[in-house]
Amino acid sequence: MSLAEVAAAIIGWPPVWQVLVIGFLGSLVIAVLAVWFERKAAARVQRRLGPYWASPRLGGLLHLIADMVRYAFQYPIIPRTVDLIPFLAAPIAGMVIALLPLAVVPFTSNPAYWPLPPSAMEYSLLIALAIVTLPPIFIIAAGWASNNPFAVIGGVREAFIIVAYELIAILGFLGAAASTGTFNLVAIVEAQGGIMWLAILNPLAFLAAFIAIVMSTSAFPFEIPESEPEVVAGPFTEYSGLLYALNMGGAYMRRFALSIILALTFLGGWYPLVPGEGLLMGYILPSVVVVVKAVIVVLAISFLRAVYGRYRLDQALDLAWKILLPMALAGIALGLFEASIGLT
Amino acid sequence: MSGEVRVYGGWRDDLGLKVIPTRRLARDVYEVFIGPQHPGSGHMRIIIRVDGDVIVEADPDIGYVHRTMEKLGEIRGWIKPIPLFERMAIHDACNITLPYVRAVEKLMGVEAPLRAKYLRVLLCEINRIAAHLYGFAIFGVFLGHSTMYMWAMGDREVFIQLAEELTGARLTHSYPIPGGVRRDIPQGFPDMARRAVKYMRKRLEEYRKIFLDNPVIRSRLEDVGVIPKRLAAELGIVGPNARGSGIQYDVRIIEPYEVYDELDFEVPVYTEGDALARTYVRVEEIRQSLRIIEQVVEWLEKKPREPIVDESIYKKYPPLHKKILESQGRAKLLPWMATMKVPAGRAIGRGETGRGEIIYYVESDGGMNPYRVRIVTPSARNAIAFKYALPGHRVMDLPAIYGSLDYFPPEADR
Amino acid sequence: MSGAELVEGPRDYEATLKAARARAESALREAGISFSVEEGKGFVDLVVDVDSIVKAAEALKNAGFTHVVSVTAVDYPKKKSIKVAYHVTSYLDPEIVGGIVGLAVYLPREAPEMPSLSGVWVSAEFMEREVYEFFGVTFKGHPDLRPLLLIPELAEKRPLRKDFVVREESIYEGVPERVRRG
């Protein structure tokens, strides 16, 4: 076996490709792109230049790398009164566990490159959704460990927001399962390849899932746990240096992981590309298509910063329980109806 | 029950035990210091006591930018306090110093000529628009709406450049002096002013679309921080806050100074008393100020240029100064004004700044310095609204109420 | 959001001040309080005794003066007294709206204290705290008398009194002699 074949086997092994390459490396690159787009688009709306000097010919695209270098060299100040182990572990664990859903979702319909055995693949949607609910606990732990009134208030707000969005996220994604009658993500994607994407067939569930993603990752207009004018940075107030960068990066990675699930369930997954045999056609290219769709969702979420203010906490909860929950349930009903008349 | 908590303290790593006294407030009440080092507090501290998410008690702790202006007013003569008092609210410079100048004029017995009065009104209205735009910018960033912040600050630049054309300085104008003003309008100023007015009218439409009609912003402002009319009258709050609660009061109409009784403008009053009403009052005031600027610029363009200082001062001008005044339109301060003596008496000068009514009580005993200058700024009178309007609201309403009251700590602390 | 009302057109301040003065004087006379008048440009001061100031304040409040505009304190070391004047005006009564009438009292300079009027006019609460810290005037019955703007160490020196002299430094302060000579 030549070196190239060994390398291809290692990189093409689903856990390595999905968690390490797309998960860590990919989400770092996408975080650079998403942060750049967020700042640049907001700057253009606000009639100013935005990031510019870090790489003028690219329009400031590499600005986040400069920021990362700065955070890496910054002196991390750890106050004496914090609870040390949770304080240090929370951002790191949060970031790692944020990427775990990528270990269980399929990126291709070629069974040779599925991350789970086919019997477990039947429930891949449920497994992914279950893992997605884990990271917020670490945000609350970071807030509690910081021993600062603002951090505690921010952590408590995160707990409230979880109550708001979690049910809607699960019900919204289950709307896709209701349409196709299975929890198997591969079957859901293949069902969409035929006629059209589930985003168009079942817009209620799509909208509910999308807004739930916005709520869960503190994007405007729901940037409530870390809102600046009331709680300085919410649970992340006492963090400085690399730990702060890990916290912020964790939010973007959660957004990316949820967007990948959204792209698979509602936006057609790897279609219009039909996966073939071999590493390139069967695995790498379809996953690139999925990643591109997820990136578009992430950029759309980032753009909301330029347009919206921030909702109040109880208003966000009202919105979730009075408007979005009925909408998610209606999405499930619509999905069941469409399945019964044979649309999918 | 009070007690003591021992912590390992000391910043020099001495590991000595430090004792922090504690006291128990009440069950389930959490005291949060929204302190001076906070992105959403300005240069002041609000101590709030919170029960869950609801504010039970609020205590404004002001005085972090106290600059002893009342004491300095007693040792600096009569002219030097003009740039001093300007620094209280520097983006409202002409509005803040004009009432002091008028009080001194009342004591001296001089009056500014008509052209100088129109020039003062021109700069006052330009500053009023700039101050309201500053208020909107801070309000936007408190609500998380960074686009409003950038747009308002960018548009404020237009009016700052207009003021620079008129006075030579972007923010620190020091424009009115006892007896008149310091500069006349340059050539080409009326066209600049008209272009600025047209531009601002277009921008107000954009603000409405992205900020005032934004459903997120409306839901955060509607019925938040309601101050009913009777409470507003008892607390004595001023400016757009009072006019948003239904109180019909504006110093430009109650005690018309300069040429406000000859101009055609309206002062809006809304009765709901919530944060949205106060914001609407400010938007309407910007519109009316644009109208006033148009009328004033038209008058200044038509009438011939005349001396912009009072007769009694103009006769004492040496020939060089008269030549500069006629050719360049600059009135230079004469040396005797630095140590002039003002006859004894007491006077109150009032004006309407962007944030409300400002009052100067000036007392003179015939000397080179004022005997007493008492300043009551609009933000100092609005400070009490924090104590009585905040309880009952949620913590997230605090920036909304703070921004809608347009409280400016350097002005309140003097 | 309903439409805007407008404030009624330009008013004559001289007439307003005269009406406010007349109403204040008649209110005080009905309450049986003696006062003397001190004129000023743009306002008028009615001087009463310390003992009758609370009654006078209540009389003025009932006559329609809703809030305090300024609590002005002036230090007269030559007359050995501190004058505290409550400049009040009205918001709600269209006849006297905006007219400033002052309710003044002279306090002895050594131990100036007077009853607090924050029970009558809520708007005086913060301003009385200011007079307390700058002049040392104690307001009996004030709910929360502590310094408003200054730290307590500085408030003990009573900064705005005339005997607190601010020493001004020359620009050569702290510069050694040989450098100063150049």
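Each chain carries a letter (A, B and C) given by its place in the written order, and its residues are counted from 1.
Basically, a residue touches a chain if its C-beta (ideal position, glycine included) is under 8 Å from a C-beta of that chain, and two chains touch if they have at least 3 such contacts.
Just so we're clear, the structure is a prediction, and the values are computed from it rather than from any experiment.
With centres computed from Cα atoms alone, the innermost chain of the structure is B. Using CA-based centroids throughout, the chain positioned farthest away from subunit B is A. Rounded to whole angstrom units, the spacing between the C-alpha centres of subunit A and subunit B is 45. Here the CA centre of subunit B is 21 Å from the CA centre of subunit C. Centroids of subunit A and subunit C (each the mean of its C-alpha atoms) stand 61 Å apart.
Residues of subunit C in contact with two or more other chains: none. Residues 62-63, 66, 68, 70-72, 75, 103, 106-107, 229, 232-236, 242-243, 246-251, 253-256, 260-261, 266-272, 276-277, 280-281, 284, 345-350, 357, 359, 361, 363, 371-372, 374, 376, 380-381, 383-384, 388, 413-414 of subunit B are the ones touching subunit C in the complex.
Every residue of subunit A that touches subunit B in the complex is listed here, in rising order: 42, 45-48, 80-81, 149-150, 153, 220-221, 223-224, 227-230, 232, 305-315. Of all residues in subunit B, those touching subunit A in their complex are 7-8, 30, 32-34, 38-40, 53, 140-147, 150-151, 154, 210, 214, 216-217, 219-220, 394-399.
Contact residues on subunit C toward subunit B in their complex (touch as defined above): 1-2, 4-11, 13, 16, 38, 40-43, 66-70, 72-75, 87, 91-92, 97-98, 100, 121-123, 125-127, 134, 147-150, 159-160, 166, 168.
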